[in-house]
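Shared chain: subunit A. Partners: subunit B in the first complex, subunit C in the second.
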Partner chain A sequence: MDYRKIDLLFKPKSVAIIGASENPDKVGHVIMQNYIDVGFSGMIYPINRDAERVLGRKAYKNVKDVGAKVDLAVIAIPAEGAIRALEDCGKAGVRSAIVVASGFAEIGRDDLQKSLVKVSEKYGMPILGPNCLGVMDMRSRVDTMFLPTFKLDKPKIGGVAFVSQSGAVGSTVLDMISHEGFGLSKFISYGNAAVIDEVDLLEYLMHDDDTKIVLFYMEGVKRGREFIDTVKRFTQTKPIIIAKGGITQEGSKAAQSHTASLAGSATAYEAVFRQFGLVHARDIDDLLSFGKIFETEGLSPGKRVAIITNGGGTGVLATDALYSNGLVQADLSEDSAKALRKVMPSIVNVRMPLDMGGDADDKRFAAAMDIITKDKNADMIMVIALFQTPGADSRVAATLIHYKSNTDKPMVVVSPGGNYAQVHNQMMESSGLPVYESPSAAARAMKALLDYSNYIRDTCGIYGKGQKRQK
Partner chain B sequence: MDYRKIDLLFKPKSVAIIGASENPDKVGHVIMQNYIDVGFSGMIYPINRDAERVLGRKAYKNVKDVGAKVDLAVIAIPAEGAIRALEDCGKAGVRSAIVVASGFAEIGRDDLQKSLVKVSEKYGMPILGPNCLGVMDMRSRVDTMFLPTFKLDKPKIGGVAFVSQSGAVGSTVLDMISHEGFGLSKFISYGNAAVIDEVDLLEYLMHDDDTKIVLFYMEGVKRGREFIDTVKRFTQTKPIIIAKGGITQEGSKAAQSHTASLAGSATAYEAVFRQFGLVHARDIDDLLSFGKIFETEGLSPGKRVAIITNGGGTGVLATDALYSNGLVQADLSEDSAKALRKVMPSIVNVRMPLDMGGDADDKRFAAAMDIITKDKNADMIMVIALFQTPGADSRVAATLIHYKSNTDKPMVVVSPGGNYAQVHNQMMESSGLPVYESPSAAARAMKALLDYSNYIRDTCGIYGKGQKRQK
Partner chain C sequence: MPKQNAKTGEEKPAQLLEYSKAASLAARYGISIPRAEYVRSKEDAERFASEKKIALKVISDKALHKSKSGVIEIGLDRSSAGKAYLSLNAKALKARLSPFKILAQEMAEPGTEIIIGANTDAQFGKLILLGLGGIYVEVFKDVSVRTCPINDYDAESMLRELKARSIIAPDKRSEKAVISLLRKVSEMVVANEWIRELDLNPVIMHKKGYSAVDVRIMV
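On to the complex of A and B.
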């Protein structure tokens, strides 16, 4: 399939909603209302056998009656009717379609799914789904999701595309992405992947300038060879963070009845992930945690991490976390050690982890950052800022944001805590500084970034020390 | 040391604050203000060489001038002065002391730490610290912490004692405990453990009826044999969840300069933890995550987990999470399967994980819970409630709370998401239902509970199937 056709799903100039309804309980109602609410600038054609008008617009009995070009049909009626509607779409020259209904191969109705594929082939019409939530495009404001909008936080515009085979994982992770302040480019829930599959979607996103990184929840791969070929080219330009459902034998059985995916063995998948530079997330928490560092940080030249902390115990845990995850502490240069001795109180032991004491304020953080951001022995920086301490306040957050914008080294902040800490975490995150709740979570994310950085350096050779990944 | 003397730290009838001051930047000011703010019912004696009055109360030049019984002295002056003040306390018959100052063995001043121990021995006076934050007691309202109170969320009263060798880990985890809605009995930050050490504290908490479970952050053990002996007896009555700083070789070096702890090898510690029923948390996130299930759930009779979900993909991830953590899916009885087939829509596949569909509402959740809570083949229950779906609302949360209070099986909820989900998560957690953000986090916690349950069954033999841990 020509991946460029997929663009129609995200940027249609006209859309037909098949099953559009005045009844707010109907999926077709929610989808049409969404198009209206977001201020969709193209034409909207409600299709309903029994209504004259839907949501204030002229309704048509059949998509064939529209008599104008339709870029996208969203099919919001049950499985059997959906096939007939798709046939009508094909005849009417509709250019693409999304089928949200379930009731196809995932419950054993392979016959219905085959019919759907046939219609797609007959008319050269790309179809997303069935058994999916459809798409969101943050820039064109297209939103085919039929979930009650008050239940999900709204994402801001950014460079993260999130692709999910599962609608459930899709909607929850989308909600978390929004809540955590990620910037989203596109959301795609692709369900059974009867026509448009993971390979097509990756091809499309590889060429999508709005997308800088991809978060991917996948249950199975239909075209193994093409998938690997695409991934190989993709990961050399942008990172893909992938969570794979059905990685255990039992999980794989569950995936089979969920999206009719043949899940394959865990070992085989993990080997492929490693070999082709895919960043492997074990679960949805990893997906978000890794996504956070990849969204804002450039590649890392190495595994040496400088730890700066205003709390000793957390520095100890951070050291454990580094070594447990295959990272090491930076061995500061003699010059840095000398400079630190001059600016730190005498009680501070100038070594890694640099424990500046519970009374460290913004000036002490700045003094340390000034020296450590320049130290060539440090590849990455983990700053532990405990906002429960007397010296830590908004000025410390502002100081870290300042140094972050002046260094090429990947840098993360560890800041666990309640309301006061979280206000400052949001302040730092909205300024592009990734914040973690524990040293382990930070170290795991740094290791994921390092693995990808090493992969890029080894396979492309284009990445030199201190050079930022092109964003 | 007689552990009963430690009670004086938590329930003094009179307290002297050495270093009490009108200057709000001084630690002695913050501590005294805390005693006043929480409505401490005993006598407060500020000790200050230069002031007539502090915070509206008559001040004394020396603790020896008080001329009344003093149960506890909080020493809020630097290290060298602290030794002299302790000597004065001993002479004045003060019954216990907390030394918050740092500047002892952790920076190589073993001489000062030895002097402190000598004073304690000379007068039979238990001393907490030095280099610590002191204590909080939720019932007596004693609070010796010198952190700005607006920076920390306030805990509610409950059965969790949190003991931390590190003040930094102590204050941040305390903040998170409060934010996550745990109920606290006592908080103890014990620093260098010069006199009162981890063994004394555990002996004390073992006999403390207010404490049902202990969360423990430790960097090193001074009395290995006694520690093991105490832990062995302790874990047979209440669980201890322990995070050990310095578990790697490098982390152990950091711990040495932090609390002067000889950390020992990781392998040795982990073997001891397993052997004596300590629940091992890898980091502060595990500490909280495990604490949550132990706070509310009884012991588990086995590893068979029933998964109920309103989202297929999350069910797949949950299945992976079970098997990756040494748990298995429950094999539902024939009766349960039959009963479920009657009450579930025909599209629902009656098997594990039970995917009830994205349109599942409170009635469908109730129907499933009704059957599964009674199934003898299920030892524990993991309910995945995705509040982003059309059918899930406050009634689903209320339904889960209802079934939770009517079952002996350990039960957890997985509910990832933003604001709408979190409102419901708080609703469930405040009703004693542990909620996790991902299937992995839930499965890890269930595995920790199972390991402890098996330990209790194997060592005590007192625990039978379906029987609840005494709470």
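On to the complex of A and C.
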């Protein structure tokens, strides 16, 4: 499959919705409504055997009656009818299709899935699915998902592509992402991968300039060796953060009946992830937490982390978190120590973690950041900002945002707490500063970034040119 | 490739490749294996033991775990080899291991036991494994795995990843030996796709390098 053909799914100029309906209970209705709601600027052709008009637009009995070029057909009718509809699409010269219907290989109907593949081959028509939610492209305003817009918060535009074999995981993560300050480039739910599979999608995203990092939930790959060839090149230019379902034997069985993925041992997947620089997320929490640091931070030159905090106890926990994740505390330079002694109140003990005291205000944060962002002995920075303290307010958040935009060092903020803290966390995250609820979540994410950074440093001579990541 | 029954798609059970074939294949890829030959009599065993100390092993499809079933004798010299041959022969008959052969092999230098293995994954093809050998591999599960073929970076990182790395390769020289051995094993299983599983268990790391004292290949 030529990955360039996949572009049609994301940037169609005309869409036929097969199964579009006036009945709000029908999937075809929700999909069409979504196209209208998100402001899709191309042509929309509802296809419905029985209706004259759907949602105010002229409906056609068959896609063959449209009589104009159709870039994409979204097939929103049950499996049995879907094959006939695809055949009609092929005859009508439709250039690509997304089959959202389930009822194929995942329930043992391999015959239907085979027919679908045949139609795709016969007409050279790329097909996504079946048994999927389809795609969402934040820039071209394409949204084939059959989830009503009011039920799901949609993320802002950004550089993260999120790919999910499972539609359910896909939509929940999508909903969660919008609260994590992520910017999304594309969302893809690809289901059974009958024609377009994970290798094709990765090839496409590797060449997609809108995508800077990929979050991937998968249950299995279809073509192991090709997958390796692709990710080997991919990870040299953009990180892939991957969570795999079905790593236990029982989970693997569940996955097989779910999206009809071939097994392959968990050991083998882990070996592949490790060997070719994929960032392995143990679960969805990891996926989101790692995604956040990879979206905004560049590579880390090393494992030395400077911690500054306005709470002593949290500083201790943070130190533990660093060491239990294979990171170490930065040993500040003599110059930094001297400078800090000058600007910190005498009660502050100048050493790591730098505990500035509960009364630290934005000025004290600024003074510390000024010195630490310039210290060559610190590879990364973890700022613990407890907004419960008397000194911390919005000015602290603004200060951290300011220093973040003036340093190349990877930097994260740890800010646990309730509403008051959350408001500030959102401020910081939407300004591109990753915020974590706990020191251990922050340390895990920093370790993931470090592992990837080391991988790139060690392998850039072997697998690729080791292009510098764009921030 | 695993041999499959064309009709049912089921895999045939794996078969153990005869030891001398496995050993000579490994030797062809430059894997260092102590000198060995089958012995057929007490005198044969004594003759083989005339230079270095030897081990005698019963080779039979029915004795996959030699040390567990007690059909191995080690540290034999000219004076003890003959007697050991006779007693092993009797033991193997009693344990109904026929048909069997008795392999005489020169003892390796003493050292640290490691394990290197390979098998075949349905999705990703050949995998290679490294771990501390002996009983430890099962107890600590301290192993690292990669897909084949591997390059120097992969081999180095396999070693680096192990908790037991400083036991397996305490110095540069032993590190180089492990890396080179890993790459040879990878090359061998990639070139011979019919190998389903391979076990070099144990490989003894010693002053002069290493010795792969047992080679098991399943086809």
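The rule is short, and it goes like this: the second predicted complex is superposed on the first by the 462 of 471 C-alpha atoms of A that agree within 3 Å, B and C clash if a C-alpha of one lies under 4 Å from a C-alpha of the other, contacts with A are read in each partner's own complex, and residues count from 1 in each chain.
Just so we're on the same page, a residue touches a chain if its C-beta (ideal position, glycine included) is under 8 Å from a C-beta of that chain, and two chains touch if they have at least 3 such contacts.
Since we're looking at a predicted model, the values are computed, not measured.
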Partner chain(s) touched by A:Glu219 [first = subunit B, second = subunit C, both, neither]: first
Which of subunit B and subunit C A:Asp458 touches, first, second, both or neither: second
First (subunit B), second (subunit C), both or neither touched by A:Ile228: second
Subunit B or subunit C, by number of subunit A residues touched: B
Contacts of A:Pro390 with subunit B and subunit C, given as first, second, both or neither: first
Contacts of A:Glu270 with subunit B and subunit C, given as first, second, both or neither: second
Footprint overlap on subunit A, where subunit B in one structure and subunit C in the other make contact: none
Subunit A-facing residues of subunit C, complex: 121-125, 127, 145-147, 150-151, 153-154, 157, 161
Interfacial residue positions of subunit B with respect to subunit A in the complex: 102-103, 107, 146-148, 150-153, 164-176, 178-179, 217, 219, 243, 245-251, 253-255, 257-259, 282-285, 309-317, 319-324, 328-329, 347, 349, 351-353, 355, 358, 386-390, 392, 416-421, 437-441
Subunit A to subunit C touching residues, read off their complex: 220-221, 224-225, 228, 262-265, 267-272, 274-275, 458-459, 462
